[in-house]
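When the chains are written out, they are named A, B, C and D in that same order, and each has its own residue count from 1.
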Amino acid sequence: MIKILYFARFREKLGLDQEQYPTTFPLTVTELLQQLAQRGGHWHDLFDCPQGVLVAVNQEMTTQQAIITVGDEVAFFPPVTGG
Amino acid sequence: MIKILYFARFREKLGLDQEQYPTTFPLTVTELLQQLAQRGGHWHDLFDCPQGVLVAVNQEMTTQQAIITVGDEVAFFPPVTGG
Amino acid sequence: MISIQQEDFDLAHELQQLRKSCNQMGAFVSFVGLVRDYATQGQVTAIELEYYPAMTYKSLVRIVQQAELRWPLLGLRVIHRIGYLPAHAQIVLVAVASQHRHSAFAACEFIMDYLKTEAPFWKKEYINGQNYWVEAKATDTQALAKWQN
Amino acid sequence: MISIQQEDFDLAHELQQLRKSCNQMGAFVSFVGLVRDYATQGQVTAIELEYYPAMTYKSLVRIVQQAELRWPLLGLRVIHRIGYLPAHAQIVLVAVASQHRHSAFAACEFIMDYLKTEAPFWKKEYINGQNYWVEAKATDTQALAKWQN
């Protein structure tokens, strides 16, 4: 099981801010994105061949090559626009 | 006649903040410095082969090649240290 | 030293606190960012700032630490507001104190450049009753280049 | 917009005045320089700032105009104090407002760099009952190089 968080435009489009996600390991971020894209609809629009999707694992920015392990907190969000 | 102003370290060393100076024209800044150096003592120390002597003519920074004309205000001062 | 808050801030008060912490300070540089009241889609009446509580603070700490490694700083204050903010409201404060001005200017701009591209905040603009997520600007990413050589 | 004065200044008040002048401002960068309390000769109790009344103001105007030609600025305030100033007193304020942060950072630092090397002010430090004229720093002249290419 992992926890997935969605922020900003993604959160609004998916109508979901977080979920507990059962999965098998080992799992890369890319593989997770592919699984989410298979849900279809907005999930497919956002996460199939994702562009402008930033990812953090356990609150650290990382890349799509990162490996996710059990209990991790994975967050997907668009490029940041604070300040 | 021209007006000469001295600032900061120069003013203190010469014991003079300004003077009316009768001279003949044409006159360059370099020539004026040579005339002042001939007064001897501190004048010679500061203005003979001057290093670190900045000059403004009519409130504009200029170089020792500048030409001084009648009625000009000439100022000599060390490098600035404001701010 | 780093705060993420809904409440407004008072630059004068923050600078006064910063001064108290050390006597050797000679140079203070501060940046304040305000909500701009226009966008390409029209007049902006307000923005809303979303963040990622568990991550945003960590991210700001890391940015500040990088600045402290690069320049000799004597004091530092970062405040980023979140939530609903009307046009012309203050959004962000970065204030840096050091002995000499160059370090203070550089560190302040460095922190802002990294904050704009790495700290998880997202801005939504309210325009004519509609709202729009602000798009990230390529110029913000380009601004990092000057720190990376 | 440019003042040379004995009196102290209040950054918060100055920034508030600056904000009133224009609604499109998004970025404020300000620099405040203080009297440092140490020098190589010892503890500095105060400084005295001499200037060239007829020229100093003109010189600051020219520096500010150069900044306005280089960057799109929306507001600007420069205050330089003169006379006797105790340790930790404020000496100089440069505050710049613009739409975007880069212009504001660049213009503020540009003005300080030129002010330090071209504006006729001279600083004398009081240390243990003695006084010493401050020597110009080579680093201040070097700081200009970045604006000259």
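Following the convention adopted for this analysis, contacts are C-beta pairs under 8 Å (C-beta built on N, C-alpha and C of every residue); 3 or more make two chains touch, one makes a residue touch a chain.
This is a predicted model, so every value here is computed, not measured.
**Q** When every step has to jump to a touching chain, what is the lowest number of steps that links chain B to chain C?
**A** Minimum number of steps from chain B to chain C: 2.
**Q** If you check the contacts of chain A and chain D, which chains show up for both?
**A** C
**Q** Using CA atom averages as chain centres, what separation in Å is found between chain A and chain C?
**A** A distance of 26 Å separates the two centres.
**Q** Counting in whole Å, what is the centre-to-centre distance of chain C and chain D, each centre being its mean C-alpha position?
**A** Chain centres of chain C and chain D, defined by C-alpha means, are spaced 23 Å apart.
**Q** Chain A to chain B: how many Å between their CA centres?
**A** 72
**Q** Can you list the chain D residues in contact with two or more other chains?
**A** Counting only residues that touch two or more other chains, chain D contributes 33, 112.
**Q** Give me the residues of chain B that touch two or more other chains.
**A** Residue numbers touching two or more other chains: none in chain B.
**Q** Once the touch criterion is applied, which pairs of chains come out as touching?
**A** All chain pairs meeting the touch criterion are A-C, B-D, C-D.
**Q** Any idea which chain B residues touch chain D in the complex?
**A** Checking each residue of chain B against chain D gives 5, 7-9, 11-12, 52, 56, 59-61, 73, 75, 77-83.
**Q** Show me the residue ranges of chain D that touch chain B in the complex, using the header's touch definition.
**A** 33, 49-52, 54-55, 58-59, 80, 91-92, 112, 115-124, 133-136
**Q** Per the contact definition, I'd like the list of chain C residues that touch chain D in the complex.
**A** Interface residues on the chain C side: 10-12, 15, 19, 23-38, 88, 99, 101-102, 104-105, 108-109, 112, 139, 143.
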